[in-house]
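Down below are the structures I want you to see.
Each of the next two complexes has subunit A plus one other chain: subunit B in the first, subunit C in the second.
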Partner chain A sequence: MSDVIATVARTVHQGTVVSRADFRAFYTWRTWLFGWLVRLLCQVLFYSTVGVLVGDPEYTRYIVLGAAVTVCVAEAMLAVSSTCWDHHGGTMGLLTASPVSPGWFYFGRSLQWPASSVATTSVALLVLPPFFGVQWTWWQVPVLVGLVALTCLSTYCMTLLIASVALVFPEARNVIGNITSSLVIVVSGAMVPVEYWPAPVQWAAQALPVVHGLAAVRLLEAGAPDVAVAARAGWMLLAAVCWLAAALSSFRWIFSRARTDGSLLG
Partner chain B sequence: MRTALTGFALGSGFQVRTMARSVDTYYTLATIPMTTAVLLSMMLYSGRTDLASYAVVAPTLMALWTAALVFAGEMIADDRKNGRLELLVASPVSPAALVFGRLCGAMLVSLPAFGLAVATAGLVFGHWVTVHHPVVFVLAALATALATAATATALSALFIAAPGSRIVQNTLSMPVFLLSGVVVPLAFLPLWAAAPGRLLYLSWGADLFRDALTPGPVEHTAARLAAVLLLGALALAFGTHTMNRFLRRARAEGSLSRV
Partner chain C sequence: MHALEISGLTRTYRRRGGEEFRALRGLDLDVPRGEVHGLLGPNGAGKTTLCKIVSTVLLPTAGTVRVLGHDVVTDTARVKGRLGIVFGGEKGLYDRLTARQNLTFWASLYGLGRAERRRRVDELLERVGLADRADERAGDFSRGMKQRLHLARGLVADPGVLILDEPTVGMDPVAARDFRALVGELRGRGTTILMTTHDMAEAAALSDRVSLIDRGTLVMTESPAAVGDLVSAYERVDARGVPDRVRETLAGLPGVVSVTSPEEGLTRVETSSPDTTLSVQRALVEARVRDVARSRPDLEEVYLHLVGERGMAVGE
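So, the complex of A and B:
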């Protein structure tokens, strides 16, 4: 058992080496701070001002929390693209031939996005909502950051399954990532309650980790009992484990097929 | 003037032909139904059906600007990758006119974008948008598309002259959507945020689009159209000047391969 864990840890670590190198090539601290973070904060303000437009301060507070939490969806979804970068880097053949578990490698390979999204989402939640009347008490801050971290990681687990599909259609990686990200934002309860949508959509939405993460953040803000917040976080983790298991199976199947028919090497 | 017109015609024709098979085209259009659904659900949930047309205008303008950023950023890089850049620079046509022509061709993406937004509002939410002022609508669409292509030409010139500035390609979308009031008119923003927005052609275009879809009279149409076109013309002049100056220097120093 400990051998299995050590192998998984080593594989994830090897993925994170690529992840760190990619992130450094992508951003400097200046472009991350003044480019990427500012863009995401503008995204939260963009949606929040709709609440101002419709003239409902209570609804504005609802939107600003939803828009801030879904920042992590937009960022985690970048893993769909970065999973496909090995196609262009010429390393796909080596990965296909490698004896490591491809799913765990890809888990580590794009970890830069959930790591970055913990920072961006936390900043979005702590800085912007107070301008719209949401007040955090000091003891809520560490709980909030913890919930954000779990939401980012859980959403990343969901993204990995989508990324495994994009690996087969690498030219469509950005389209796949954007459509999924937008769909999740539509039904996640970020801008309108999940109950607004038809019943089948509400049921499907329960499979999305961010739905539970966002609900937990709203409960925390409303001062709900700890057990209610923890229960939603638990549902989120359960959903994340299911998505991760599906993603690992998907990567394993795609790579075992590629080893026999060379399908990833075209 | 003749080389500019030739460049414009060649560029727009080439762009229309290549766009149909470009993934970037579908990238721009792919999220329109979801953006419309998010914005329209917010309007309808809050009981403001009178604002439903805002949720159709915004995704169309967002698609225009997204296409401008994507194509302005990728155009020169693609020319370089495909070995066309040196040939284009050596040819007698005006490079800025060629780029402007190509970006004007790219603006045709706004037609399916508007169609997708209208169809989503109608088919999913049962809210069919009425164009109350069709002439204003068509003129606003033309002026905004031209100004977008002109602004994208300026960005394209900036991306060639300062490759490091390409980082703005990923970051300019949301700040511009917010500051130009594509969904929330600038009148709802505080003055310090609304003032810079008035320098963006998109804010004047967005107001005109919204007015064209509302039953009341549209005021100062000519002046507002002129504001869109003037801001576009200024951007085009900046883009042409920057591109020409950079290419003159690149020719003299033989540094084009570093683009």
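So, the complex of A and C:
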């Protein structure tokens, strides 16, 4: 058992080595700060002004929280692209031949995105909502950051499954990533409550970690009892575990299928 | 038990449009432990396909492959742990990682502990001559340097069987020479090596035996020394600047099978016995022909003979 854990830890760790190198090639701290973060903050501001236009302070608070929390979705979705990058690198054949469990490697391999989104989403949630009538008390801040971290990581587990599917259709990876992130945001309860949608969509939405994450943040802001917030976090965790399990099986299946048709050899 | 036992190996690819193509057609090959086995054959013969199946990257369509007794289909995990692979070309490295990070990556995934990993990676970087460039990004390396790194990568887990697919592509002569020394060293330690190459001299110099594959089937397996027998059962004497008169004399000697001129100015005499060879040599010396040599068909000649002079046409 401890052997298995050590192997998984090593595999994830080596994934993060690739992940860090990619992140450094992608951003400097300046471009991350002034390019990426500022862009996301502007996006949240844009949606929040819609709330201001409507002229309902309660809806404004609703929308600023929704827009800020769902920042993590698009960023986690970048994992779809970074997973597919390896197609061109020719490393997938070598991974197939190695004793590694591909799912755990790919779990580590795109961790840069959820890591970055913990920062961007936290900043968006802590900095912007106070301008739109949301007041955080000091003790809420660590809880909030904790919820954000859990939401980012859980959403990432979901995108990993999508990334594994995109491996089969690498040309469509951007379309797959963009469409899923848009759909997720639309039904997540960011702009309109989940209850607005037909019952089957509402049910399906319960599988989305960000739905619970956002609900937990709203509960926290509304001063709901701790157990209510914790319950939502628990559901989110459960959803994340399920997504991760599905993603790991999917990667395993796709890599073993590739031995039949040679599809991952680039 | 052989290191590699390949029998009836067939691999079919489905091409665009659904049409099937048989890249390997019932290939049989055994490679004993500790042997360096050269795999030759024209472009498209199926060498890379064979390497990929042996290294568990592809599944066979039919037939079996055993690596150190373990089946590549049913016992994949055991095969993976005992096998190193080097696919030629520039791909297969994490370009944004340094050479050291690339090696550490695979050492770690192959289960080496921290201290062992560090020692092994340092040793390999030194061995392939990349120690001074160890902390530079692999993506910035030249082709030959990438190839060295690939070679080191294939060795991280200290495999019992090493599959090398065109390992010296892009290497400069010095690197290629170092590579040969390395293969010699590995052979000395009992590593079994299956190596494809288009370099006949390399194949002849390194291999205990060579196999020629054409259109997915095995044409022959021989030691490089014995390979000449396949095209000529006779001894040969090559000489330059032989006057026509002498050529006629030679052709008349008992035991001379043929007198030909494979290229401008070169006379080749094939003889049926060592005694005849001696009389041919004597006759040439008496005629004051200086440039005389006994020769045997080399690997390249055999290759051309067996594969046929197909030129640029790729086998179907």
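To be clear about the criterion, the second predicted complex is superposed on the first by the 265 of 266 C-alpha atoms of A that agree within 3 Å, B and C clash if a C-alpha of one lies under 4 Å from a C-alpha of the other, contacts with A are read in each partner's own complex, and residues count from 1 in each chain.
The working rule: a residue touches a chain if its C-beta (ideal position, glycine included) is under 8 Å from a C-beta of that chain, and two chains touch if they have at least 3 such contacts.
What you are looking at is a predicted structure, and each value in this text was computed from that prediction instead of being measured.
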(request) Look at A:I185 in the shared chain and tell me whether it touches subunit B only, subunit C only, both, or neither; answer first, second, both or neither. (result) first
(request) Look at A:A97 in the shared chain and tell me whether it touches subunit B only, subunit C only, both, or neither; answer first, second, both or neither. (result) second
(request) Using the touch definition from the top, say if A:V52 reaches subunit B (first), subunit C (second), both or neither. (result) first
(request) Answer with first, second, both or neither: which of subunit B and subunit C does A:P198 touch in the superposed model? (result) neither
(request) Look at the residues of subunit A and decide whether subunit B or subunit C touches more of them. (result) B
(request) Scan A:Q14 for contacts with subunit B and subunit C and give back first, second, both or neither. (result) second
(request) Report for A:P225: first if it touches subunit B alone, second if subunit C alone, otherwise both or neither. (result) neither
(message) Which partner chains sit in contact with A:P142 here, subunit B, subunit C, both or neither? Use first/second/both/neither.
(response) neither
(message) By the touch definition above, which subunit A residues appear in both interfaces, subunit B in one complex and subunit C in the other?
(response) none
(request) Enumerate the contact residues on subunit A facing subunit C in the complex. (result) 7, 10-11, 13-14, 17-18, 21-22, 24-25, 89-91, 93-94, 96-100, 105, 259-262, 265-266
(message) Considering only the defined contacts, which subunit C positions touch subunit A in the complex?
(response) 13-14, 52, 55-59, 77, 80-81, 83, 85, 87, 89, 91-97, 101, 104-106, 108-111, 153
(message) For the complex, give me every residue of subunit A touching subunit B.
(response) 31, 35-36, 38-40, 42-43, 45-47, 49-56, 59, 63, 171-172, 174-175, 178-179, 182-183, 185-186, 191-193, 196
(request) Note which residues of subunit B are touching subunit A in the complex, please. (result) 23, 26-27, 30-31, 34-35, 37-39, 41-43, 45-48, 51, 54, 167-168, 170-175, 177-178, 183-185, 188-189
